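Got a structure here, written out as structure tokens. Questions coming.
Chain IDs A, B, C, D, E, F, G and H follow the sequence of writing; residue 1 opens each chain.
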Amino acid sequence: MRETLAALEAGEIGIEEAESRLAGYATTDAGRFDAARERRRGIPEAILAEGKTPAEVAALATTAVDTTGRALVTRADEATAAAVASAVGDAGADATVDRDDRVGTVVVHADGFEPPSLDAAVAVVTAGTGDAPVAGEAAVVAREIGAAVDRIDDVGVANLDRILDQVDRVREADAVVVAAGREGALPTVVAGLVDAPVIALPVSTGYGVGGEGVAALEGALQSCSVLTTVNVDAGFVAGAQAGLIARAVDAARTE
Amino acid sequence: MRETLAALEAGEIGIEEAESRLAGYATTDAGRFDAARERRRGIPEAILAEGKTPAEVAALATTAVDTTGRALVTRADEATAAAVASAVGDAGADATVDRDDRVGTVVVHADGFEPPSLDAAVAVVTAGTGDAPVAGEAAVVAREIGAAVDRIDDVGVANLDRILDQVDRVREADAVVVAAGREGALPTVVAGLVDAPVIALPVSTGYGVGGEGVAALEGALQSCSVLTTVNVDAGFVAGAQAGLIARAVDAARTE
Amino acid sequence: MRETLAALEAGEIGIEEAESRLAGYATTDAGRFDAARERRRGIPEAILAEGKTPAEVAALATTAVDTTGRALVTRADEATAAAVASAVGDAGADATVDRDDRVGTVVVHADGFEPPSLDAAVAVVTAGTGDAPVAGEAAVVAREIGAAVDRIDDVGVANLDRILDQVDRVREADAVVVAAGREGALPTVVAGLVDAPVIALPVSTGYGVGGEGVAALEGALQSCSVLTTVNVDAGFVAGAQAGLIARAVDAARTE
Amino acid sequence: MRETLAALEAGEIGIEEAESRLAGYATTDAGRFDAARERRRGIPEAILAEGKTPAEVAALATTAVDTTGRALVTRADEATAAAVASAVGDAGADATVDRDDRVGTVVVHADGFEPPSLDAAVAVVTAGTGDAPVAGEAAVVAREIGAAVDRIDDVGVANLDRILDQVDRVREADAVVVAAGREGALPTVVAGLVDAPVIALPVSTGYGVGGEGVAALEGALQSCSVLTTVNVDAGFVAGAQAGLIARAVDAARTE
Amino acid sequence: MRETLAALEAGEIGIEEAESRLAGYATTDAGRFDAARERRRGIPEAILAEGKTPAEVAALATTAVDTTGRALVTRADEATAAAVASAVGDAGADATVDRDDRVGTVVVHADGFEPPSLDAAVAVVTAGTGDAPVAGEAAVVAREIGAAVDRIDDVGVANLDRILDQVDRVREADAVVVAAGREGALPTVVAGLVDAPVIALPVSTGYGVGGEGVAALEGALQSCSVLTTVNVDAGFVAGAQAGLIARAVDAARTE
Amino acid sequence: MRETLAALEAGEIGIEEAESRLAGYATTDAGRFDAARERRRGIPEAILAEGKTPAEVAALATTAVDTTGRALVTRADEATAAAVASAVGDAGADATVDRDDRVGTVVVHADGFEPPSLDAAVAVVTAGTGDAPVAGEAAVVAREIGAAVDRIDDVGVANLDRILDQVDRVREADAVVVAAGREGALPTVVAGLVDAPVIALPVSTGYGVGGEGVAALEGALQSCSVLTTVNVDAGFVAGAQAGLIARAVDAARTE
Amino acid sequence: MRETLAALEAGEIGIEEAESRLAGYATTDAGRFDAARERRRGIPEAILAEGKTPAEVAALATTAVDTTGRALVTRADEATAAAVASAVGDAGADATVDRDDRVGTVVVHADGFEPPSLDAAVAVVTAGTGDAPVAGEAAVVAREIGAAVDRIDDVGVANLDRILDQVDRVREADAVVVAAGREGALPTVVAGLVDAPVIALPVSTGYGVGGEGVAALEGALQSCSVLTTVNVDAGFVAGAQAGLIARAVDAARTE
Amino acid sequence: MRETLAALEAGEIGIEEAESRLAGYATTDAGRFDAARERRRGIPEAILAEGKTPAEVAALATTAVDTTGRALVTRADEATAAAVASAVGDAGADATVDRDDRVGTVVVHADGFEPPSLDAAVAVVTAGTGDAPVAGEAAVVAREIGAAVDRIDDVGVANLDRILDQVDRVREADAVVVAAGREGALPTVVAGLVDAPVIALPVSTGYGVGGEGVAALEGALQSCSVLTTVNVDAGFVAGAQAGLIARAVDAARTE
């Protein structure tokens, strides 16, 4: 806050800019970046790369690193990832592209940034290969919030042995994200097997009627098991909600 | 055929009526009854009671008994069932209301009618209580076609032990109908566990988005397992298709 | 378990019944009751009254009380509530109709049943009068799981002062359910104001395009804030998920 | 009118053309241009560039400048903007691409054209960066009608401080356009804070169910506040309606 | 405000109630009534009777009269209208059921209440007989806001002479509401004929695909003329928005 | 027929091929061409170019010319048109691309082919520029069936003078096709003005909800005037049905 | 016209009423009746009974008989039919309920009214019993326009012999209406067998996805044969369009 | 199994990998391949090429050949087909691209692999040219399962002679797949003509409302004949289900 006021006093910024910053957000040519969201809920502000140019994303990422110590870019293609890496490199930070995530989540940590580390675990479960990229986005976000993340892959219900084999691992988590496309039966089955809260993450696989994740989303909404859901492909939201639960559990553990 | 021609010769019916009968259907005031369908595929012609008065249904049922030896009335309320029982009783036949079926399937057999008996079995599986009526309709039709029918109830996937306990029974069938509403995950799970052809029968349970069986139908269309489906609540069609498979298997067995 | 085996040995039940009980569910004429769900996740098995006769619901409720010490009936009309009260009264238990809930949630506790009591709180927030019944269902379930429940009503966003006045109360909860119909803007606003995980509960108010809760559900799926959602009017699921989070937090607090 | 008749008399145009012009529209090879709309309601006739070649758009724009003194091209890509600039430049007029508007609104004023100037203000409010292009289209149209336009950006409800900070600016307007995608909660919140008529402008952001602006549109239709709406991305219509209100207010002020 | 504080001091109400009132709303057993909305935008708070008992509506109406001097009840059946009339009669006010409105809008004015009277006019236009009730709701609201309302009925486009005959009357209004069901072509035609802002009010007539007002709403969203729309049957919203425009014009006229 | 049998006798074709030809269709590598449709209803068999390679279309077109004397290719891009022109040129016929039709209808007449000429007229009316290509497809088909076709363009209802000016021309037709996108009000207005049967031809213009011709189609289905409709962009079907009416009228005139 | 002016002169009606009549419609308390539609296209103005009271319908019917010599009431229940019969009986006319039509079409002819008689035939074809009421509505309208109507029933495609038997009768018609619900395959098959224009009339039979006539309507829109369609259950429109074609053919025959 | 254990003992794989293999699936970098599905139902595991790189598909195909003796790749473009051919060639197997199938089904048989050969036949029927690729996918799968496959093409119902000519061939099959797009009437007609079970395979042809196969799918769900359906374009599923029926019949024949 002091910095903002000093900048104002020094005439480096105008009053409107100062007001904005104090209200919790910074302005770049590509729009405003909400640093306050991170302070409010511990969720890093995600920069959605889709529909923005690499330069715009890089500018927002640099602002994010400046104001919060890190940046999280989702749905970045290679050009965008490169632009971000170069821009934040110039500013003395490191960018990593998450290896699990073919949709391209880029994580940037400022030099010396210490990510939070929670005493709580999140399991990220997938039904099949096609669910991996969206699940990867969820995993990255949960990890940035500080949760220990366990990926359990390819346990779709067409072969029940797969999930039955892994049920002990899933039961160790404090919150569970289950990513599935097509008919989306896996979240219902998992929620019947574990104690922890389950979050369905429908994936936009499948063609024809009910395709593009619609049947999977509707299956989550109609589930006979207790679970909540996010929208199709909303990996960021699923991971962030699981991270919020992990934060609550961690806070209770460390009270 | 001779009967039709005799009636024509005797002036009891006109030429148009004779033509109709020979083309395979009989006419009553409530519409035409297609006796030929039974001859063609062994599927009894079903009389859908919804949208007809008890008297219209009773007239069609009597015609059905006269021309094919039996009648099958679906979605009959109590008044309709009574009207049918009374009408066919006057004509010397017996009506039974299927005990499994709260939607009211009425079966009538003419005195001395010998229903077919196939050397082939159909399993009719349900996920929960709400699926019973529609499954009952399927079971009645398959039984009328001649299949041995095994009902396996309440094995929904929210508790996997239920279906795993019963999998040996399901595996004995030559064709399997799986009725499920809500998220409709059971047909996918069953088709992953058995060899025989599986037919999904979505049921109109569930409210909100994807309710009224829509999510269950879309889940069947998107299933990761191999199965075919019928429309929501189309118990007659599911049972008849299972019966056709049973007929094919029986014919092959007895070649 | 011993009881089940004893009953088998005594010939009171057959082998199939014994298997069923051990697999975790009891059978009545109106279907099976899944006692195991309660053991698995602490969520009382809800008996959905819609589509069942009062007598069927009463039979299931009595079985529930016998096997788990309590029963939870949702969407009960007055005749059903009376039938349940009478049936469980004969069996020596007490039924209460939740006062907040015009859709009729009936709670039954067996004599001497001690409901769980968690060291964790759930806030149930509504936008307007029409959201109260569905929110009431959520509140009852969360309370039965053992959470301390705080109801915060009529704080819809058409008058922002309402929610701003109550934000401190909402912030005290470990999990927040926000019920809203029409355009469903409230969950997004609340999730921007609190740290805890927020669960949107869309309500089937509103007519025309996007009515019956569809716009509210889609708004939750598209929310700019981090939250998960349940289906339209799925008060039971929202309350149960909030209760699962409260259980996790309570367990962490008492480790 | 005299010009038209003179051209007819001089044999420069035929009777059909004369009739057309008097009925208020001019014909080019690329279709007819409705000069009368401008006369009727003061709304400049917009030329939608999508689905037309640059040459077709340039021809229509030149006709527009000839008959009304200006042209307004919406959704123009760079090639189209260049073609228009070149064509009208040859005809002695100036084209400007609106700076706010990434969807490419091109404004052309004939040399000496005096745009109207109303004693009335329109606020154009956006929730986030993605809403800017569509909002820009609305702003341009309102400005061409003569309103004083105030852009208030990035005040989405996920951080309520943003809109609360700006509410005094919004209250100064005679009509308010609020552009928002995703869940579209902002128009409802703004309409609860101001006296003037509010027009929702849903924006096609967001993916999955309710995406592409559908949830935002349905939210506007279901809003608990009083507001009217236009279709998704219909910036032109929203700006024009706001401009019509500004005209009415200006006329009343200057009566 | 003083009254509220006095009541608090006198112990007639508690602190929470006092806070509520100062935040602008009153509480009854049937929910809260937002008196502040009227102060904010001049729109009387409407009490939607659908889904409430006559007694609940009557209680809310009495509160409304007490706090704002009037009450507006929409979609009231006869029993509700009677309950309101009786309750407010006891409290010394008068209730009138609007004659145009078969959906039952009830207007109550406290003894001595002086409704506002604006120097501005609203035209309410209908295509056919089926549009009258919804249009009536719009007319009542606009009138309560103080506008002079002109009803122009049965001018649907299947016979163009009808609307062409009345166009001069429509042109006298400062804002125009056009109610139409079925294909909803009338708002487009009217907006092509007048200068003032036009608000489409789709009506839920028509069956089959596009029925229940859906085609009319989509037609308004797709209109080639400039207009904004409200949801199907949202007469209250259309009338209130027209009233807000009339207020703005009146204010400008009387500046 | 003789030709077919001769070819069979000569061993040039096999029995299956002969059967096919006698059943009315010819086979090429790209599929079968139904020469019989032309004989049955006078409608030239259209070859839909979309989804076929230029070579496949050219082969089918050559077969069409060989068996019926002409070919009609719809939705052809330039490469396809060129391939057809070249292929039929080699075979001694002429191909013309219809000038009105930007979607690319190609007409081929064999040398000496005499198209039918009916004593009946079809009017093809459009609302705006975007409707021209689809309307052009309708016009070409009607002309090939033999009708005299009158194109009346740009008479959309946002400016009623346009259609009122042209109503006498429209009234001269024996059947009327009215092409309109967006809100699709024009067919309803035209059907209120003329005696002849009107066929609505919805066009896939417009974006957002109800876009891509959906609102126009639903408007036709809900029309207050008497008219029938075809699917969105189904210019071929609209023109062919108008042509069938013209054939019926011509036959009656020349009886 | 003279009558109207005389009534005005005599002071029996006011100027507004006179204007209305001359514009072609009469006013009753239940709304306006468009006598002009009959004069314009020969289609009797239908009074849709749904949503009107018996008294309102009777008043409109009496006005219709007074101004045009007949009345056509659609979707009348028994009470409405009785009210109409009684009202027009008092006025010296006769009402008949069409025997084919279970949805209740009432036809009234004034004493001495001579219905038109065209030298042209319309076939009305149905797939099954459920299609009869809607087909009956079409038949009545076509007959009132003057066409000779031939009903051909129960020829659905599940048994192809039925339609093949009747194809010669269908071929005698100048226009064909084909009513079918469920999958709606019959219109496509019929249009492949006849020369005359075919109008599909989808019927709201069938449940589940695609039910209520939706699949039948979409099948008509997607038909591989040339045909146009009306909305689900729009018997009046289908019959009227067939009647317009019959009028055109009759006019050509009698030129 | 021994191989797996040996590999474990030899330290070539870890315990987790061993568990996976025994549970029936192999792991590659591109995901897991379910060898067990083939053992369970005789259906070769299909590798969906869409959304995977050629290298990923080639790796999965090689794994499939290694573990099951064959591979089946669906929806492969040319680059993918080439990559598969090259990869499996290196591993000593042969790849064939099915000639009927423009969507690119690639079949690979390991050297010495003996495909099953069943004493049962499957007919694969198409309505038109556009249905061939999807039908081809069905045919390949059925053939790989071991059925004798008979392709019967271009027998759409717009010309009934086509299907009537071929009905004897269709009647020879033990199971029938009927592929049709647009209005999808053919499955209904075929199921009315044959005894064997019929599986509808809707194809994504057709544009506008009901296009992309939606009308065809809904037509199958609503069919008046007995049949089951798969999703739009789900050739693999239709062929596999037909193959399962053929397996059942073959097993019965050879008992």
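One rule holds in what follows: contacts are C-beta pairs under 8 Å (C-beta built on N, C-alpha and C of every residue); 3 or more make two chains touch, one makes a residue touch a chain.
Just so you know, these numbers come straight off a predicted model, no measurement behind them.
Colleague: Determine, using the mean of C-alpha atoms as each chain's centre, which chain is farthest from chain G.
Modeller: Ranked by distance of C-alpha centres from chain G, the top chain is A.
Colleague: So, comparing C-alpha centroids, which chain is the farthest one from chain C?
Modeller: Chain F.
Colleague: Quick check on chain C against chain E: do more than half of the interface residue numbers occur in both copies, making it same, or fewer, making it different?
Modeller: Both copies, chain C as well as chain E, present different residues to each other, with under half of the numbers appearing on both sides.
Colleague: Looking at E-G and G-H, which pair shares more C-beta contacts?
Modeller: More C-beta contacts join the chains of G-H.
Colleague: Distance between chain A and chain B based on Cα centroids, please, to the nearest Å.
Modeller: So the centre of chain A lies 49 Å away from the centre of chain B.
Colleague: So how far apart, in whole Å, are chain D and chain F when each is placed at the average of its C-alpha atoms?
Modeller: 37
Colleague: Just how far, in Å, is the C-alpha centre of chain G from the one of chain A?
Modeller: 60
Colleague: Pull out every residue in chain A that's touching 2 or more other chains.
Modeller: 128, 158-159, 192-193, 208-211, 214, 217, 221-223, 231, 234, in rising order.
Colleague: Going by the touch definition at the top, which pairs of chains touch each other?
Modeller: A-B, A-C, A-D, A-H, B-C, B-G, B-H, C-D, C-E, D-E, D-F, E-F, E-G, F-G, F-H, G-H
Colleague: Given the complex with chain C, which residues does chain A contribute to the contact?
Modeller: 40-43, 120, 174-175, 192-197, 199, 217, 221-223, 226-231, 234, 237-238, 240-241, 244-245, 247-250, 252-253, 255
Colleague: Could you list, by residue number, the parts of chain A that touch chain D in their complex?
Modeller: 19, 23-25, 30-32, 34, 36-37, 51-52, 202, 204, 213-214, 217, 231-234
Colleague: Can you list the residues on chain B that touch chain A in the complex?
Modeller: It is residues 127-128, 156-160, 164, 182-185, 188-189, 191-193, 206, 208-211, 214-225 of chain B that touch chain A.
Colleague: In their complex, what parts of chain G are in touch with chain B?
Modeller: 128-130, 132, 153-154, 158-159, 161-162, 165, 205, 207-211
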